[in-house]
């Protein structure tokens, strides 16, 4: 119930310009805390339900928080809290701008409230209202810095796709409601769907939620919209909103439809793995730091959906234990992604605030100038690159373990498909590591590439604190996954009584997804081992006479001083990958030779590279063209001639008369 | 009873007064006062109806039940708020020299006259008078469309006049046929056009005549509703007239015309359902669904290529009227409830949008979409009003139109599942069409020298707040009311 | 699980790890010796790597003035991660407690962690070489990793455990079974190992020619103890792959019980296996030339193909039968 | 029922109906504006006469009033107003070219057949002697629309519009002995106002496009010319 209150608090966070930073963000923070505690209470206790005096006369909004909603609430709350700590410092730069801060405050509040309401909704109607509220308010936030035409375009695209997705979800609920005889989730749960209609409902839900979550090829809005919002909003969108979409998918498929089919799982698995791979490949070619992070969200959502697909396959083929394992893996990855992606977005926000640059090519050497942000960002990178002992690794490891259990399946085809997708996951993870080496190496290491990067200063305390909080969470969730997963154990139970997998059966030190004999992982011991070795060798090497370090210029091959321009660029770094996976992108590469007029000597080369998402040319543009062409054809009918109009009326009449006789 | 007469007489009086008194400086205020008085009277009337059930005047000339009383209130209310907006707007026009004092007089007189005809059309029991009133509404507004005397406005008015005139003539033929059908059943033909009488004997009316009559009525009143392909007058008339006129045309007149269609549909349904051996007992519903869907889709596509802001929103009106027509055609309590709700909310939101658009055109000095830029920067209240209004009209929650669209979709899902796909793609197309044009207008930097105008955004935010309220929770009184109307139309309620 | 988490087990594991770490330079020495012989050169001493390391440890540390703190931390991270990896792998005996800490996927994760920092360190100074090396290293690794995991999945699916210790146990218990899937997996893993440890034909550990180096380009700016740690880590990595291949595909001889005789036998067995493996590697390195960078994807695709074939033959030929 | 069994007056109504239909045809065929207006006046007079005849047959006294109003409005007032406007606008001599007149007349004939076909089930219902004339009145309505579709002059369009009204009125009279009085008065009032407004419009149109050719009223269109060309090319 606390969470409900928090939603209203979020709503109230809408005061005036000067008050924004003083009132709005603390309120938001309170809301986050309330949501997190509420979520945690429910996760460890019982489900809570209530009805609100809102909604249709015969269908009041009903609210219910079970373990799954509690978990997502917790996730929302944590990120919202961090964002609230981050916000006051970050929005300082807008204070003297021409942007309406009250709009920012109102819509941030509404956005958060929308997300929280989606999660606690217990009927389709309220769900949809909250869902669209979330979409709409985040749309306004995307359009916040609207003097840029690209931002407007992004906002439009976002709203359009959100709307289409929302309509699909609505239709999916419609199918369920038609068979269940009511809009409450309870009625839907009880509905007995014929296989065909269940498939339709599933397909609609997958389409709608997948669109919001950014699955390829429905992802086009995501890399456009996420980067252009203010960074703390990007963090909320990437970190939390995508999780709300995943929540919706889990709620509808696992809970409401209930009886799953193997085919669905395979589809989800395949789409997920394609998204993961394409997401990371696209991210690899981005130079805009936030765009890169947005594409990486697509990758991670793909991973989450892979785990969900596995869970569905196992559940549908009578392996509930493994199904729960996949589900937990997916949700744990969702939580982890929320934490590290918001950390990274907040870090990107701090960097952008200090350098006023979005492109990696204009950064460099920031670790020295922003030591806190740099360190926390590194932790985020390590987590998202799924390296042990950070949290990203724990959840990806669980996903891989789930995949490895594919041997128990009857179908030989699945036994092949699942390991192949697991290998794709491995490829994704490896490319992800490369991606974040690139991001971190180019932006934070090396020498500053521009004056702005050289002059970056420490961001405000709140901003650092928020990042620090999330970084600590990354580490905690990575080192003590058993504790977190133990808390999550109630979730499968709440989804139609699935069994609780014994991941944490061996105590807090160990993760044992199936049994200790099959696989085990002890992150605390890993950390201990790493620390011990490090400490030992550090002592060995430094314990004796301290050798002084000598600082010199790096080796310049004898050509004179090194300049920042000699560094490897982000584009260059990704060149091998670009070449290997060439067909994935639509590449438009131009090399222009600049020559001197008189001597016709080569004075310079200009290299231009345009990397475009293939989905545009294959999917979106044709649809847009089709609509416009249809509109143009229709417009020919409306010629402006009144006699033509009269004849329409005339022939309509004649036609109808003919029709009825 | 007295409330009803007050409701009707106040605007009639207003018409005469405004027409007679020359050069009145406070005409705008008087206009507001009359409209407000009408609203008050209509609310009193509504409360009476709510307490004591349908009201039939002694001469059986007027009949007010749950269905039309709420439309009465809505009409009077929107007319009032629009009048509030119209005062500064028309002053601005006068200052700009686009109209002179004589035309202002005409404008105010016709404003009240239009209100009167609409209220008359809604409250009368006689289908003939309904026709007369609707034709009267056309006549009252046609001169207002050409108020600016530009070539475009004259052309628009001419088209409006001719197309609606012809259309409504067809409706009269339908009415004659109705009367004919009734006369062959009734002993005293005098009552043959009274809706109450007709409704009572609907089962005995000849199905063939009724279906022919319905075709004529549908085409006739459908022209006024703006159903594709009879809609051609609508965008012209809306875009060229003064903006307050567009607001009431879009928000109210279309409703009244649709009201007429629905009333006749009830009769035809009754006749066809009772008769044996009718090949298609739901003929009226099917026709309305087909027209509604066609209008909805075509208007949605047209939205994509608009260059004039008011024209664009008039296509949006066509789209929504199509949706309502579809919903009424679908029948059934849920769809009917949705249609009634949609009607109310569309009126509120669309008139709010037109009010905002009026201010926006004053700010930019033009109606051309590609000239209107950066509204949020220039005047945030107008910019946000337009943006929120558009979001509301596009069916985004928490605004009420979402609720009605949701209900409609669900109703469609129950009886025609495959049509939902069409509806959804239509909604998406229309939505994209609206926003692709709205975006550059509200966002971005303002052009040089663009300054705010004196705007009265009270009506806009009042309407939007109402729409928001209905979206979050329909007040119990109103829900009861809608439900009564639903019971009248669809036979049973949803509550 | 608790049955072998004994103090004795922990001690044994520590010992084994220490042995692993100290033996790594020896393996490299042996390999260099073999290669020199094969190429008709006079060979350095077997202990030459140790001498190199101790020299580096004693030398003064020079750090570029553009370097950030990460530059100095990286060698420790790389080395620790590699050591922890080594600790997980059964060298002499199975059923050691360290084996339970991490399964084979985590092992890949450790290596990735080391590589991550290595690549970052390469980019830290801000010269062109470092970035180039990092870019190439990460590209190769990201292609090698799926092939490696695919090969490993074949094994784990056969053994129904991704825990190396358990898998070896399982294979030992089965005795000698000729599995087609293992053949392919072995081939795949060999190819991957060559790529991952930076050997010819993918990389040349001895070159410092600007445009061809990969691993060396990243550690170009290191000196003194930092360089020593980096080199040592690289040597460890070679040994890790060697031991993995040797003990998984040819598990015989490894100690199942922790008695001194069994352990000694295990030591002898692994020494023999590694020596043989080095011979194979040395022959291959002598016979082959380093290939161009953009031939590497093809090479790794071959590895992936082998791994995939292994998987397919496992599913089709071995499970059904 | 045999036609011969009708009373004389009833036969008179039918004959008048035929004449009304004929005037509709002549309206369609007329190219000169003045002649059109005259034909329209005749039609109005015939409808009024028919109304009076029906009043006589049925003994409905209020129909006499209707007949009177009709006569005054449709045979005298409206034609007179139109005539004056034509004179004022100096287009008395204007001749309108009708696209393919013979085709139009053929279509008109087809429309008559169609209205008969549509009205057939309706006529079975009525007990009135004049029921056959429903088809005629429907035909008059449709012919009026046809006229509006084929004519380009604003004035002839108005004439077409008025002839539709004639058809409607005629239908009301012959099928049901007229609508209730209050409705008829309302309709007449509307018609009167409409005539005035039409008059106003003629001048406005004339002012804005310097002609009364409605085809030139096409500024407000959805498709632009460039696009049409583009479409033709593409």
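Going in written order, the chains are labelled A, B, C and D, and every chain counts its residues from 1.
The working rule: a residue touches a chain if its C-beta (ideal position, glycine included) is under 8 Å from a C-beta of that chain, and two chains touch if they have at least 3 such contacts.
As the structure is a prediction and not an experimental result, all values here were calculated from the model.
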| item | value |
| --- | --- |
| Pair exhibiting more inter-chain C-beta contacts, A-D or A-B | A-B |
| Chain whose Cα centroid lies nearest the overall Cα centroid | A |
| Distance from chain D to chain A - Cα centre to Cα centre, in angstrom | 68 |
| Distance between the centres, which are taken as Cα means, of chain D and chain C, whole angstrom | 98 |
| Rounded Å distance, chain A centre to chain B centre (Cα mean) | 44 |
| Centroid spacing, where centroids are CA-atom means, of chain B and chain C in whole angstrom | 77 |
| For chain D, residues that touch 2 or more chains besides their own | 118, 121, 145, 148, 157, 214, 217-220, 222 |
| Set of chain B residues in contact with two or more other chains | 158-159, 162, 166, 170, 212, 302, 305 |
| Per-residue multi-chain contacts in chain A, two or more chains | 632, 634-635, 637-638, 642, 646, 649, 653, 657, 661 |
| Every chain pair in contact, whichever chains are involved | A-B, A-C, A-D, B-D |
| Interface residues, chain B side, partner chain A - complex | 158-159, 162-163, 166-167, 170, 211-212, 215-216, 218-219, 223, 229-230, 232-233, 283, 287, 298, 301-302, 304-305, 376-377, 380, 384, 387, 391, 394, 396-398, 402-403, 406-407, 409-410, 413-414, 417, 420-421, 424, 427-429, 431-433, 435-436, 439-440, 443-445, 471-474, 476, 479, 483, 494-495 |
| Complex contact set, residues of chain A against chain C | 364-365, 367-368, 371, 374, 378, 382, 385-388, 393, 397, 400-401, 404, 406-407, 412, 415-416, 419-420, 422-424, 426-427, 429-431, 433-434, 436-438, 440-442, 444-447, 506, 510, 512, 516-522, 525-526, 529-531, 533-534, 537-538, 541, 547-557, 562, 564, 566-568, 572-577, 579-580 |
| Residues on chain D engaged by chain A in the complex (per definition of touch) | 114, 117-118, 121, 142, 145-146, 148-152, 157, 214-215, 217-223, 227-228, 231 |
| Parts of chain C lying in touch with chain A, wherever the complex brings them together | 1, 57, 60-70, 76-77, 79-81, 83-84, 87, 98, 100-103, 105-106, 108-110, 112-113, 115-116, 119-120, 122-128, 130-132, 134-136, 138-139, 141-150, 153-154, 156-157, 160-163, 166, 210, 220-221, 224-225, 229, 293-294, 297, 304, 307-308, 311-312, 315-316, 319-320 |
| Chain D to chain B touching residues, read off their complex | 118, 121-122, 125-127, 134, 138, 141, 145, 148, 154, 157, 161, 164-165, 167-168, 171-172, 175-177, 179-180, 182-183, 186-187, 189-190, 193-194, 197-198, 200-201, 204-205, 207-209, 214, 217-220, 222 |
